[in-house]
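Chain naming follows the written order as A, B, C, D, E and F, and within any one chain the residues start at number 1.
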Amino acid sequence: MTHIKVINPNTALAMTASIGRCARAVASPSTTVTAVSPAMGPASIESHYDEALAVPGVLTEVAAGEREGVDAYVIACFGDPGLDAARELATGPVLGVAEAAMHAATLVGRGFSVVTTLSRTIGRAWDLAHRYGFAAACRGVHACDIPVLDLEDPSAREAVTALCAEAVERDGSDSIVLGCAGMADFCAGISRVTGVPVIDGVGAATRFAESLVALGLRTSTRGEYAAPPRKQYSGLLRDFTI
Amino acid sequence: MTHIKVINPNTALAMTASIGRCARAVASPSTTVTAVSPAMGPASIESHYDEALAVPGVLTEVAAGEREGVDAYVIACFGDPGLDAARELATGPVLGVAEAAMHAATLVGRGFSVVTTLSRTIGRAWDLAHRYGFAAACRGVHACDIPVLDLEDPSAREAVTALCAEAVERDGSDSIVLGCAGMADFCAGISRVTGVPVIDGVGAATRFAESLVALGLRTSTRGEYAAPPRKQYSGLLRDFTI
Amino acid sequence: MTHIKVINPNTALAMTASIGRCARAVASPSTTVTAVSPAMGPASIESHYDEALAVPGVLTEVAAGEREGVDAYVIACFGDPGLDAARELATGPVLGVAEAAMHAATLVGRGFSVVTTLSRTIGRAWDLAHRYGFAAACRGVHACDIPVLDLEDPSAREAVTALCAEAVERDGSDSIVLGCAGMADFCAGISRVTGVPVIDGVGAATRFAESLVALGLRTSTRGEYAAPPRKQYSGLLRDFTI
Amino acid sequence: MTHIKVINPNTALAMTASIGRCARAVASPSTTVTAVSPAMGPASIESHYDEALAVPGVLTEVAAGEREGVDAYVIACFGDPGLDAARELATGPVLGVAEAAMHAATLVGRGFSVVTTLSRTIGRAWDLAHRYGFAAACRGVHACDIPVLDLEDPSAREAVTALCAEAVERDGSDSIVLGCAGMADFCAGISRVTGVPVIDGVGAATRFAESLVALGLRTSTRGEYAAPPRKQYSGLLRDFTI
Amino acid sequence: MTHIKVINPNTALAMTASIGRCARAVASPSTTVTAVSPAMGPASIESHYDEALAVPGVLTEVAAGEREGVDAYVIACFGDPGLDAARELATGPVLGVAEAAMHAATLVGRGFSVVTTLSRTIGRAWDLAHRYGFAAACRGVHACDIPVLDLEDPSAREAVTALCAEAVERDGSDSIVLGCAGMADFCAGISRVTGVPVIDGVGAATRFAESLVALGLRTSTRGEYAAPPRKQYSGLLRDFTI
Amino acid sequence: MTHIKVINPNTALAMTASIGRCARAVASPSTTVTAVSPAMGPASIESHYDEALAVPGVLTEVAAGEREGVDAYVIACFGDPGLDAARELATGPVLGVAEAAMHAATLVGRGFSVVTTLSRTIGRAWDLAHRYGFAAACRGVHACDIPVLDLEDPSAREAVTALCAEAVERDGSDSIVLGCAGMADFCAGISRVTGVPVIDGVGAATRFAESLVALGLRTSTRGEYAAPPRKQYSGLLRDFTI
């Protein structure tokens, strides 16, 4: 039995539920998926500010997961907030959804387009593509300029689909990476319209996390990702002392 | 039931059997693994010449796999020979073991060392690291200068292990990628000695292939990986006409 | 009168005082420097975990600075924690000390060595060099493996100096960037021993921040660094709602 | 007397003859050019599959060339198929036409556009530009979507010329590389229309190969390009045993 | 008292005067700015040829500056001509205006557009962006195709402003670097129209040079920038013997 | 009859004669080689200062060559001084010896070591490798620290040879590029000792220049390398007015 904890870094519970469904839909029968939202954090993540403030909550959930015997973690926000710090805390693997989606895209094609929510997050998507080694494979990042929490709106699906079709054409790409965990439901529909693989990071991260566990692989503890040195944290963050 | 065909591009049947065992050891219960060696090809792959001549055999096996209803393929030689051509032929995903191992390494650490067989293959390993986007994550490629078919020799395991320990130190890396499908058995032992994750591409490719199938992802058919245009092949290769 | 707020992201007040002295020592007569430490945060920053938890405190100080009419900010920890988020909040420029030091080094030489505290932070230094465009100019990153709060120890200065001399030789570099705001006092001594420019980021960031103000330049508000969208933050972070 | 063997990797004999004429037109009087087509291989090369299957034939011709005392080889297909393996076999230099054309372009200008046949080969052209070091100098790759064997059609010349003119404008390039050995005849005409140097790889490779011979330079036998280790090849490929 | 010598490498004295005004407008009260034009050199710099011939005059001015006790130098032409050689001669820092402007742009935004004079200088701007580490931050280089000495024309300001607005849109950039020292006067106006920071290299270089002096930093004399070996120069250049 | 003018940018006439001999030794029978030294310039080139002051003399020789009907030019100093400006002036191709040597090295191997004179020129060699696209192929740059004009000394040959052997080992390279036009005579001897191709740029540039002429290729006049705009030059440089 593998236990994967999927952490939605924002506090929108409907989105957490939907992310959990997406993860469970692709997980192996022998995998348990727990989808959670931290008790502290922003209602949605649409800026570096939001991302920075989402991280303490994510880390609380990882620390709790360690006590619960979690085998692997997925950070279900396309900016992959807190990934490095979570890797220091967790004994099992930790994957970000942008990371997993970009990995998957390069396994099924030569170049992907990212379709994301707000224009202001385009830079972050490029930063991640660079960090993970996929700057050349990432052919373009496009924003639909629909706020995260409005993605449930029926018109959103249509707008995102149209943008995906346009992105593939303009970028000469052969797959699409959806740049928001809240778009997971759109995959099948967009794939039908565009004729290319459409990748939702939540699913990809869940399966890859499961795979790493099955392969007996954990985050390396040599150097950068060793457990953080114990020390004291002051003020509101006193609870984080380890 | 997912059917994964693992193709050992050389004709060393003992190695094929061992590769099959490694793949099965990590595959999900619901996955069938078939490990094969093409009828034509080199006894082992240790040069660009060998690699070039291994490819037609690999493609024959992919073509056969398509008739057999195979869901995904693994090319089990660290040079990933024929990967692009195989992707054109196959409807399901195709993964190379170097590709999968490097992907796995970047999911569990910041920088990996590759430990391979002959010095003359070092350039190929770097080429693949560049191609897959992992030129920065690849911290060093080291050769033990033991021919592929001598890896079964008991002294080989010791020499490879020592080289891995040295590589991690010298490169400041935090994981090891084993640069030959024939080294798969060494993983656990080397991990114990070095204290870092040791990745065998056969296992990684098998699990990732399975994951892509579960995620409903296939190689994109837009552009480069569309089915090859039909045409005639002359001479010995007449059978390859499609 | 230009007001520069130098934020030491950890809560070690002696270090904050020393950082303030370094900033004041190089600032123009017409500049006021305020050096602060957030009320919440880690005692020192030596991991991604520490860095992640330092950021909310840094942002509180920036938000306060906006109310106080601060003209520019310096984030005085070599990991430049919270730089992007701070830029979204502040109307004036925000500089990180790693950023400023690397910029300065490339203005006075062809290649620099970074000498930092713990080995586990080497990866972060490289990440920043990549992000700022200085991956090629950064010739090496070396750790003395002295914890941040032990840098005050007299033997530390000697050890750091020796490592700097060695780094210049080994890397073929022509300047040194000190990889911790707590090393600012060592500059002159190390420069005397090694014969190359030695750069402390606190001083560099203070002067460059002052320069940007004098040039009438502020962080662009077009796109990524526009003010973050207003929203609610839950739990401990409720105070961050904007 | 220098003997250069130009190998057209496909089996279209009219194209081989035309390639031979182009090579002879630029070769020194003291150079003998032999243009051949392998007995086995695809009728034209328009996919990774075709390329992979063209390679054994190319290698047969190189092996024969070694017995005939050939001084240098040109692989006359824009994908440069089998280049690495051929270098292992040959004692003299081996050049690909994409390689030679890109080298020539960077000697006469700052940035080139590649104009090729089918869209599906665009990725291969970029791969080669990256491999040879010309990713920055390559400003664009454009496909006319005319199959290789239809280039003889009078309308093809016009379409290719128009695309070249458009490419120079769009890419801001200052030279054109023709991305198919079958386009060699078009050079002069396109240069007249566009006003920029137009490079046919067959001619460039022939002259550069000749130059390397005159300079006494051969492929290095240290490491990667040493003669391949002897071994057995099974099945159809038995004849390749060395 | 800090003495900064701003060298306009061309011999257009009106431009030298205007450059001097721009430098003085941003310099600290305690800084003296001398703006000069060499006695030998081109009337304006619009080609590699012009740039090459401007350099001896620039070096004469640096050599004179050393005798005059100059603390730092600014080379006020966007191609940064003679920067490396000047660094060998000068004991204090030397900055180019392209260099300083690009550094400033990356401190206030994520990506800049360069707007320059003639199209033929676009390549040089990209070369400098690569050299300084800002190839990724430089999102586009655009030419207004107005000769340097016609920038004083009232219509020039309008044309340059319109091009800047277009560049920001097309490149998705968040700041503008003006690619000619003769455009310094346009900054404020363009910033008003485009809403993004507009950077004039003369001002930026002056303040950064001042900052380096205040920080006690000089060009490293280890290796490349050590004083040039003494030797004889023949012909017209006899005066340059050192 | 092809006329190639080889310009030694320094004024050491013995070196010019030897460079001329090297060029003639490899040129086609139908090629005339003229080797010249400008009337103005440094006795040898060992700094950016020397290089900057060598350029006007080089340009004088190119301008003279245009009147003499020269078909192509070689700039015979490893820093390739004045290459861009010379390309603007000349109607035929212009090649630098570093450029040509690096091109040749990548045609006969996977990675080269540069062995040069003074350590202070190492940075320049790397800059050129980056510019020409060979940063990855250049595995190391090593200095023997023998001044250019002492290379004639018998002991120099030995020292350079030993350094070459060491460089190949340390860098894992498979060819050597000699980093000074004054080392051309050493090629054969070093190749014998090291067993790898050793490339002298003078020979390579001469043959490649000849090849470009035979191929009907000239420097592109579209954009950057168009003839420089006419203008006046003041002072010592008045003669350069065009």
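Keep this in mind: contacts are C-beta pairs under 8 Å (C-beta built on N, C-alpha and C of every residue); 3 or more make two chains touch, one makes a residue touch a chain.
This structure is a prediction, so every number in the text was calculated from the model and none was measured.
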Compute the rotation angle for the C-alpha superposition of subunit A onto subunit D, expressed as a multiple of 5 degrees. 120
Among A-B, E-F or C-E, where does the A-C interface recur, judging by over half of the contact pairs matching in residue number? E-F
Homomeric contact subunit E-subunit F: same or different residue positions, threshold half: same
As a quick test, compute the distance in whole Å between the mean CA positions of subunit D and subunit F. 28
Find the geometric centre of each of subunit C and subunit D from their Cα atoms only, then give the gap between the two centres in Å, rounded to an integer. 52
Averaging over Cα atoms per chain, report the distance between subunit B and subunit F in Å. 44
Two or more partner chains touched - positions in subunit F: 110, 122-123, 130, 136, 172, 223-224
Subunit F residues touching subunit E - in the complex, by the definition given at the top: 11, 38-44, 46-53, 55-57, 59, 82, 84-85, 87-89, 118-124, 127, 130-131, 147, 223-224, 226, 228-229, 231-240, 242
Where on subunit E does subunit C make contact in their complex? 26, 28-30, 93, 95, 99, 103-104, 106-110, 132-137, 168, 172, 174-175, 188, 195-197, 199, 203-204, 207-208, 210-212, 214-225
